[in-house]
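The same chain A turns up in both complexes below, where it pairs with chain B and then with chain C.
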Partner chain A sequence: MLALLFILFAGMAIGCAISMVAQRNPLYSAISLIGVFISLACLYVTLAAPFIAAVQVIVYAGAIMVLVVFVIMLLNVEEEEHRPLRLRSLVPIAVVLAAIFFAETAFIIFFVHNAPNTPAGNVSDVGLTSSIGAGLFTSYLLPFEVTSILLLMAVVGAMTLARRGGLIGANVGLVPGQASYARETLNPLAYPDLSEVAARTSREVEETLDVAQAPHQHNEE
Partner chain B sequence: MAPQLSWYLALSAVLFTIGVVGVMIKRNVISMFMCIELMLNAVNLTFVAFSSFFRDVTGQLFVFIVMTVAAAEAAVGLGIIIAIFRSRESLDVDDASTLKL
Partner chain C sequence: MVGILVAFTVVMTMVAYTVLAERRILGFIQGRLGPNRVGPGGAFQPIADLLKFIFKEDIVPDKSTRFVYFLAPTIATTAALMTIVVYPFGPDIHLPFNLPLIGNTIPMVIAKLDVALLYVLGVTSVGVYGIALAGWSSNNKYSLMGGLRSSAQMISYELALGLGLIGVILQSGSLDLQSIVEQQSGHLGITGWNLFWVQPLGFFVYLIAAIAETNRVPFDLPEAETELVAGFHTEYSAMKFALFFLAEYVNMFTVSMLATTLFLGGWNGPLVHRLPWLGVFYFLGKVVFFLFFYIWLRGTLPRFRFDQLMSFGWKFLMPLAIINIVVTATIQWSGLFDLVGKFLKTSTGWGG
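Take a look at the complex of A and B:
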């Protein structure tokens, strides 16, 4: 029974993984990756690890993939186009190396029998939430705290990186080789690189003047 | 016949290899990012399989920590992807071959 479940979910995982790599649209790849995560969560249940299975669904299939799909939608990613393969002469070498790799893997799987063959039973309390919590807050307290610091750094880093305007503020004009100035106080005509800024600024000034003069001209008529 | 430990290790190896192949052949940054997530999951499967077969909780604790690292990586990585897209209007890795913005 467990073997049937393993074959079912392993097949689902491998099929979804191959589909993820084969898809050209990133959105379809993301949905296939969610399939991989769900199958792996089912495999964790068959391994008597219900807490990890729940966290897998919540964190991976829920939070991370929602973030990825959100970014794909936000950036409006187009499909990848076909491109000619570079380094075509290396293909036979790659085939030979892959064959060697598969031979090694087959040797290890069929001829090495040092692994314990006790399957995960129901009597084990290893995967329960209470034992994981006890381990996490006693002997592995330091990695847990380091993890919290890592999350804090990730929050600050993500906010800094994804902010509009990058690492410096949006109202700061940068001149190469010079200090940074606030864009209001910067004289754009003094720097040829900023001619675009100067053009835009003067155009905005003209528009502002037009808007301001429009009722005045109307009155003169 | 119950599944053996080697079955899970073989599945993990296959998933990891698919992830490596994806990182190598994909040109889109987001697709490469998802392949990295697939590799992390393959490693997680190894941890949980060993933890379950040796009846030791340490492997599942490390899976927990790996998931936290993956979440942090997702946040920072997607922030970097958005920054790259803002400056280059493209998600192709060949367009982002220099670190200079």
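Take a look at the complex of A and C:
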């Protein structure tokens, strides 16, 4: 039964992976990648690691790939047209690398087959939520925290890029998705004559008077 | 297998009648009648609707992306239905005699999972693709906008939803729904509900985020009729539209079940320890209350604007959920729960 499930999900994973590389349409590639993630999650379940499986689906299939699909849809990327292979000189290198990879795989399979059969501790406990949690906060605390800091840095970097506050002069206010306005226009108190504001469209007035709760994003949609 | 069949039938029937109830209650709120001609009081309306869906012409837009266009409603429905298997509908029922194949204990949960809560979150997060891909593959600008809005909205509110649930996980120390329910017993099966403990804030956050996750009013921007025709399912007709419709109502149903399980004590209620089968009725009763609440909201509230929706989710709901986690963790760490628990919860079992 387990072997059957393994063959089914491993086959699905490999099929989806090949389809991901071979597809010309980026959205099809993304869908195939989701397929790979979900088949891998199913494999984790058969390996008695339900927590890892759930996290795999939540984080990769549910969050990261949604963002990828979102961006692809937003940019409305056209299907890549078929064009002749460039960088033909790299083909022999690719062949050599692939050969090394296959040799490595074969070596691992051979090695594992000949290894003495030693069970690694209590196998049934390994995939459980509590054992993973305990491991994360005791023996693997340092790597865990270092990874957190890395992620935090990425978030801060993304925010800095998105705000672009440092690149533009202090007298200019920037509304994401809109043109840039002088600060005087955004702050009517510093600009007693409002006649210019009254002549603008309703959305601009809304922003000018700071009635809108957040910057509009109509341009991006 | 039998369990899946029974649960499927029960949920499908309840979903069909939720649609009817929604139309009747909305009619009542808006001072009109609603469908009342098919059968007594409109009782056969769902069946008539279903027949209509089956016999309508199935129109596929010429320029649509065929494969994805067909895939999308399947994903939406499958993801919606898959979560049903982990909810505990009641306590284990012990029979005085042995049934063939089953024995004398009938578990009221189909699949007992160690990570049931995470499973629910994972499957729900995959459901987004149904809507997003439907919007993309239809080759229609309204559909695309609906799909985009929906993916942005669901990513944003999924965070608040998950963070809102962490309080409950901290308190119960388990991801298994059946044991979370068992911990919520108390006097009369009511005093132990998580809602009354430190979790009212978590409940509030979850309730709002869940409405946004199911794309219901006031967060129904993916299908805002007044701006986007019908949003992501503009180009869908006949049974494929019915599948989206079904997915939306099953989602409503499952988030109600999760709210009941985590915050309203699941199947706990008076006399459950004597008559375990009562638990099923308590559970479904609480779910029906939530469904009514949803319909009530739909009849009452106007729709958000998109920027309001985003700032509400990120700047209000998220911080609230994080505060909830900090408060719960502090109280849990100080041991206050155990102190109060001695007075409110019975230490042995889930008696009344």
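By definition in this document, the second predicted complex is superposed on the first by the 124 of 221 C-alpha atoms of A that agree within 3 Å, B and C clash if a C-alpha of one lies under 4 Å from a C-alpha of the other, contacts with A are read in each partner's own complex, and residues count from 1 in each chain.
Just so it is clear, a contact is a pair of C-beta atoms (placed from the backbone, for glycine too) under 8 Å apart; a residue touches a chain by one contact, two chains touch by 3 or more.
Everything numeric in this text was worked out from a predicted model, so none of it was measured.
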(request) Name the contact category of A:38: first (chain B only), second (chain C only), both, or neither. (result) second
(request) Using the touch definition from the top, say if A:158 reaches chain B (first), chain C (second), both or neither. (result) first
(message) Taking the superposition on A as described, I'd like to know which of chain B and chain C A:97 touches: first, second, both or neither.
(response) neither
(message) Tell me the contact category for A:63 with respect to chain B and chain C: first, second, both or neither.
(response) both
(message) With both complexes superposed on chain A, which partner does A:73 reach: first (chain B), second (chain C), both or neither?
(response) second
(request) Give one of first, second, both or neither to describe whether A:13 is in contact with chain B, with chain C, with both, or with none. (result) first
(message) Under the stated touch criterion, name the partner, chain B or chain C, that contacts more residues in chain A.
(response) B
(message) Tell me the contact category for A:55 with respect to chain B and chain C: first, second, both or neither.
(response) both
(message) Please report the chain A residues shared by its interface with chain B and its interface with chain C.
(response) 51, 55, 63, 67, 74
(message) With touch defined as at the start, can you tell me which chain C residues reach chain A in the complex?
(response) 65, 68, 71, 113-115, 118-119, 121-126, 128-129, 132-133, 135-136, 144-145, 147-149, 151-152, 154-155, 158, 175, 306-308, 310-311
(message) So in the complex, the part of chain A that touches chain B is made up of which residues?
(response) 2-3, 6, 10, 13-14, 17-18, 20-21, 26, 29-30, 33, 36-37, 40, 43-44, 46-49, 51-52, 55-56, 59-60, 63-64, 67-68, 71-72, 74-75, 77, 80, 83, 105, 109, 115-120, 124, 126-127, 131-132, 135-136, 140, 143-144, 147, 150-151, 153-155, 157-162, 164, 166
(message) For a test of understanding, state which residues of chain B touch chain A in their complex under the given definition.
(response) 1-11, 13-15, 18-19, 21-22, 25-28, 30-31, 33-35, 37-38, 41, 44-45, 48-49, 51-58, 60-61, 63-65, 67-76, 78-83, 85-87, 91, 101
(request) Using the touch rule from the top, collect the residues of chain A that touch chain C in their complex. (result) 27-28, 31, 34, 38, 41, 50-51, 53-55, 57-58, 61-63, 66-67, 69-70, 73-74, 76, 128-129, 212-217, 221
